[in-house]
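What follows is a set of structures to go through.
In the two assemblies presented below, chain A is common to both, partnered first by chain B and then by chain C.
== the complex of A and B ==
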């Protein structure tokens, strides 16, 4: 099975994030970037499948700060190849653009069986990456996947639905998954192996093609959450509390 | 024998009947009692040497485990054995009889305190054996989760706490004296103060760093720090088996040090001290390195004490300053110089000092090891300190304040204050008020 894993870099939250002068992005000059933890779960799931039934795992990412470390760590963990999509404008990449670029590369890559990526990311303001990639390529998509186990040439997929419900389904043929969690915590990449990967393997480059995004949301302003007001505790039995809530909502003009 | 928990109490065994018949005379002996493998062929032949001791002996540093001849001197001095089942002899025997040390929990329990090596007539060297075996397991990604997180943080941020590298010198703001950062003023300096992780980031460590800066200023020492450029020297990560990480840190640390002119390095961290004195030279980097107590103790004459600390104080020798590097006097000289202090020793002190449990990666394995220990080593030590009647437990290793403070709380010894010698000196010299 040939599985592609899409990975992203995000601003490290140990940093104190600041809004850039443009007011539509965070100040990227002084922040460190780390890989998205859900993508790491997706990679772990892909590696487990490869270990069980053989095949190939390819990691792909946009050229973002410190992405090489993420890609080499993936190789150290067992990925076979790493690809970097270069020539993308610096700064925040809208998820729709990311999806288009990944789809273009996936088309150029030709044959593959599954595309895994994290179901979410902290800077995912305008959509889920996996869903958009699936839609662009016309490939079936499943979100919030907590398990993907090989069954012959298919994948048995467990998804988390709302309210603690789990759903199982079988994906035959190509599939795109938004991974929520792996069957186990992401494995450790020993530093010696990362360093080995750096000296013995290389990252393939793919020039980002022009893409037409079409209409979509645009970020107008980013600002730190303003704290104002206080929480009010409502006392009473559930019926009374419910009535008070309805009153409050009415009073604030939120419903008529 | 399972490891862990309390010492094993004797188990009642039902006696069996047994008769041994001589093949020569036909005579019978009644040997009823517990059947004993003594009556069978030697058990050692049941186990693979190649997969056990032989596999470890092949590792660089693993040679000496099989030298053990079972004299047992090491077990009673092993701090881990006091709260569990441990010690080189026990590990040797277990490996000899089939334990796969590479994937056993026992692999992570040794704090590399070095007390066994001190007494072993055969030179069985756990300080080399453990990192060698751990390195193989780390290479196979068989690492306890807690430790894995520490390795990842150290690789990413250059400190084990996963803190923002740019905030490494945030503590200087509260020092009440100017602390020069070399990147902004790179002129030559006498003392390069290598602050290390816990004095840089841990709130109690920061207080000690501030106190030490004040004392150096008072004594007219010309010092500076690396600030955001500093990364951990990485000795505990090395001993915990991440040699690749240590190699990467050596490259970064020596490259940074190479940029500046200084006479000597002074560090509060005995682990950093150990690596700079013993490991960095093996890789071709030699510096003049002092522990901070060694910088200060020759300057006692110049100290102008204004406060008296009328307290009974006991002192815990850090393994990597004392046993590993032979420095027992400098911290004691400083404590004795402080007016009012009544220094009392614990039963286990100096060469035979107990271990706080933080060495060799133990600092980051408290959760993992708790399954196997009846209490933490730090708790054991705190009870010992409280037993002397001391009101203050003085330390001079940045790992210890947080370890012992937690232990003082969990053992109901809150009255025992855990204080770094740097802080005691600062208090006696007048503290923030008189600077």
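== the complex of A and C ==
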């Protein structure tokens, strides 16, 4: 089975995010970019399938800050090839644009069986990638996928419907999946293996073609949520704060 | 140009989700200001019409491929058929599985704009203005959606559901199933009910909850000790479960359990919308997170930016004293 995994970089959510002077994007200058965690889950699921039934895993991403690290680390984990779509304007790339560019590359790649990507990214305001790629190519898609298991030439797909309810479906042909979680946590690529990948493989380049973006949301402004001043911050050292917390719980009658 | 609002009911089986009624309530407000009406699309078996009394119309599509299980391809074809028949100004999805699944492809196929992760909506002239929660709740984006049909997916808990619940007997309009349903390549299979074995975190009056900030499976031990000291279950955010550090029944949130304890203690949890969906109605929330800008502090009643590794041992100490 030949599986393509679409990956991307995203501002690290644990870091502080500032709004740019334009007020319609984050300030990208001081942001740390990391691989989108759900794309890593998608890669893991693809690698598990390859290990079970053979085939090929190809990772593809737009050229974004530190994306080489993500792509080489994918190779270190077991991906066969890595492709970078270059020539895209820097900044906040609408998901519709990602989808169109990926669709163009997927068309140029010829035959493949499945395209996996993360269920969502924290800035995909204009839609989640899997559905947009699927609709662009006219290939069926499914999102919030927690398992994709090969069965002959089909894939048995498990989607989470919320609250622990699971729905299975069978993909009998080409399919696009938005992966929520793999059957196991993403494997770890040791730095030595990543270095090795960097010296023995190279990233293929694909020049971004002109695409028709279509209508999207026009962002008017981005701003931090106005703090409702909800939380009362507990001051003091750990001993004092611990005391206050136990006191709060005691007041609710939940500890003696 | 149409002035109608179409709500997509995200129900594959079982109860209609609360979110549908949140959407209907908001749809009524929006349709009111547009001068249009509210329709609800119920895919598959309709059940009764009473639940949707707040809507003007119920649309149904029936087909074997929609009668059991869930195929996102079948749903997409059904939703598209209804959107094309109704031509609403606004299509409202929830940001549940079906919204995440279909909002993008429907928007693409009707050539309309989409805003995801929406927490507020308004009408300005001919346009819909949406406020979305981005970056896990750290920033908001206000965007304008222009066009004859625009699509929005709304985060659960954004609007009161009461406004969408009232008795009545809306007109039922059956839309004929599209021919494409006969040639699916993504076939619906079984639906599995949640695993009822393992810990039940929904009945505890106090929960000790742990997030990715705990760093490793080994470190969970300390939080488990704390939960044990309180004689309550340890609950967790999704990454803790996905890493395999705790089993699934411990998960709080959109795709885990909804909990409403008297006190919810959150350690190393950022407060992403999908987590908040499962615990925001707890009576008292106390959050420990080293990032003072973590969204969890927007719902917490009490907070501390101390390191959980400094704080938890002291709480344990206090309890043992």
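Simple rule for what comes next: the second predicted complex is superposed on the first by the 225 of 256 C-alpha atoms of A that agree within 3 Å, B and C clash if a C-alpha of one lies under 4 Å from a C-alpha of the other, contacts with A are read in each partner's own complex, and residues count from 1 in each chain.
Following the convention adopted for this analysis, contacts are C-beta pairs under 8 Å (C-beta built on N, C-alpha and C of every residue); 3 or more make two chains touch, one makes a residue touch a chain.
Source: prediction; values computed, not measured.
Based on the superposed arrangement, let me know which partner A:195 touches: chain B (first), chain C (second), both, or neither?
Touch partner of A:195: chain B, not chain C.
Please work out whether A:170 is in contact with chain B alone, chain C alone, both, or neither, and reply first, second, both or neither.
second
Could you tell me if A:185 is touching chain B, chain C, both of them or neither one (first, second, both, neither)?
So A:185 meets both chain B and chain C here.
Decide which partner touches more residues of chain A, taking chain B and chain C as the two options.
So, of the two partners, C touches more residues of chain A.
Look at A:136 in the shared chain and tell me whether it touches chain B only, chain C only, both, or neither; answer first, second, both or neither.
second
In the overlay, answer first, second, both or neither for which of chain B and chain C A:34 touches.
Touch partner of A:34: chain B, not chain C.
Quick one: classify A:109 as touching chain B (first), chain C (second), both or neither.
neither
Contacts for A:56 in the overlay, against chain B (first) and chain C (second): which applies, first, second, both or neither?
After superposition on chain A, A:56 lies in contact with neither partner.
In the overlay, answer first, second, both or neither for which of chain B and chain C A:68 touches.
neither
Looking at A:14, would you say it contacts chain B, chain C, both, or neither? Reply first, second, both or neither.
In the superposition, A:14 touches chain B and chain C alike.
Would you tell me the residues on chain A in contact with chain B in one complex that are also in contact with chain C in the other?
Correct list for chain A: 14, 16, 185.
Using the touch definition from the top, list the residues of chain C that touch chain A in their complex.
Interface residues on the chain C side: 12, 14, 17, 69-73, 76, 96-97, 100-105, 107-109, 111-117, 129-130, 132-147, 184-195, 205-206, 230, 239, 242-244, 248, 254-258, 262-263, 265, 270, 283-284, 286-287, 291, 293, 295, 297-306, 310-311, 313-315, 317-319.
Tell me, which parts of chain A touch chain C in their complex?
Chain A reaches chain C through residues 11, 13-14, 16-17, 19, 26, 37, 41, 95-96, 99, 119-120, 122-132, 134-136, 140-144, 156-157, 159-175, 178, 180-181, 184-185, 214-225, 227-228, 230-234, 238-239, 241-246, 248-249, 252, 254-255.
Which residues, counting only chain A, touch chain B once they are in their complex?
On the chain A side, the touching residues are 14-16, 30, 32, 34, 185, 187-195.
Per the contact definition, I'd like the list of chain B residues that touch chain A in the complex.
Touching chain A from chain B are residues 138-139, 141, 143, 145, 148, 151-152, 155-157, 162-164, 166, 242-245, 247-248.
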